[in-house]
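Have a look at the structure below, then the notes.
Just so it is clear, A, B and C label the chains in written order, and each chain counts residues from 1 on its own.
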């Protein structure tokens, strides 16, 4: 299918460029490291406190790095008029959105994996047991962040004060995702069955569906004239 | 093919009317800020007119942009290049994004046409400015559009590049393609144009077949209409 | 100009009606309605807090409708409506939060509680402040209209999600919200006062929007 091929090449381009320049990935890796230190300093050495705050800290970390990473999604298009190039490419523009979304998703999941590894390392935690449930929650939450984030990144790409406007627009919209993922992560890390937080998971799925649908339907309005 | 109609637009362009037939090339001249680039962008569906209509190949630029985009090739100031990709990958990317097949043979042919084939697998970041311009032209060569929209296409090219472009444009016209070329130069490059138009005061102040205008007369007319030395 | 004098007259009538409604509402809320037993006179702020909350939601629904209409028709009037409604909505949301806060202080001794309703409204407030900010930051009018329409749709569709998530967040681990606007079975005098105020504030909102629409139209015509 043409749509799939076009979305694929968009994702391929983003990931290849990122893979070669490693700008975003490297900075986010160090950012993750620094955040871990910040959390430690802010909360003190008390292990119980850290464990209790863990789900929240995890998602704080994910969201903060998501803000940095997602906000940069269209930076590559700023040089050499590539943004115009995207507009000039004939065909359904939502393929570009889907491609960007897929690329962002993979990038964010990579950063989050690093985060989890660092958490496990520095705070001596055992996350392996909770892995399947954790993977599901992280996947759903990240999709929710990336879906709106990619759309808003396109919107703020050409706006003054974009680094400030992007988080201001994204964060309130993501409140349901934040609440849902923290609660679900909490349950998963405590070893509870996923059924206990089924309502949160359903909320996340609903949010993801709505966000991606809006993104697919309105991306060409944002990209184009 | 390549027909365009009346325009009445904003403060920048005020009632511009121009048309181009297939196999014809129009050179658009004018002072800085006269609105040449704006006009070109409207034709390229990158900007919307405030009034009037622009049509390419029968499709309305503002209402059917996707159909128009399938027919046009734009070479403007920006080279549409991703610096971290190779020349080959850059061309392939734009082709596939346009929903067209991009067999390696065709891509290499396009690169060969602009004499970049030996550098096909090198990252564009290492290219000189002239090479980047040529890659930008290769992109259009590969796309084989019906209408070419050019904004100072000869800028940044060396002598060989300019000669190549001239030949390419002549061949393009021979294949019944239409060309709108915005330019500042009065030299050899105008040879490719069949008509010369001057955009001044928001209107087309002059629209004559090129053979009818000698170089000196052109300079005189230009100065007259734009109140500036060419 | 199809609005002009008829429109001005209509707006003035609206203004008078709103003023009348507010006076009536105030009278009913603060004098005629009975004093609430447990909370005393502070409870009367409900006659401000609930109607403004209602109007805020109405305003944002209008933003959603106007945004969708704009995306389909690209009608500048629809965009102006979205802008005017968003501005009014933000004002009313602000008043709702302030009123809720003022209600809370003497009643429970705190300025802010992470109560489900207040938190939802606060998130709403920030979302639409963002909307206004986006509009201000984009110079190109047409692009601003487009982007704000998309944002308006995202925000409005997000509202139920926000509500649900905040509500679950509060009620599954804490006792249910204490800040209810009173039991559903209000004594009829209170209910009547409440309804009159709701109507009055809705009229006030309509008046604000109408006035803002005409000022926006004048602005646009001046530039064009």
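Throughout what follows, a contact is a pair of C-beta atoms (placed from the backbone, for glycine too) under 8 Å apart; a residue touches a chain by one contact, two chains touch by 3 or more.
Predicted model, so just to flag it, every value in this text is computed and none were measured.
Comparing chain C-alpha centroids with the centroid of the full set of protein C-alpha atoms picks out A as the closest. Distance between Cα centroids is largest for the pairing of chain C with B.
Averaged Cα coordinates give chain B a centre that lies 52 Å from the centre of chain C.
Chain B has its Cα centroid 40 Å from the Cα centroid of chain A. A straight line joining the Cα centres of chain A and chain C is 32 Å long. Among the residues of chain B, those touching two or more other chains are numbered 48. The residues of chain A lying in touch with chain C in their complex are 148, 151, 155-156, 158-161, 165, 168-169, 171-173, 175-176, 179-180, 183, 199-200, 203, 206-207, 210-211, 214, 218, 221-222. The touching residues of chain A, when paired with chain B in their complex, are 2, 5-6, 9-10, 12-13, 16-17, 20-21, 76, 79-82, 84-91, 96, 224-225.
The touching residues of chain B, counted against chain A in their complex, run 44-48, 62, 65-67, 69-70, 72, 74, 76-85, 89, 92-94, 96-99, 123. Chain C contributes residues 71, 123-124, 126-127, 130, 133-134, 137-138, 143, 146-147, 149-151, 153-155, 157-158, 161-162, 164-166, 168-169 to its touches with chain A in the complex.
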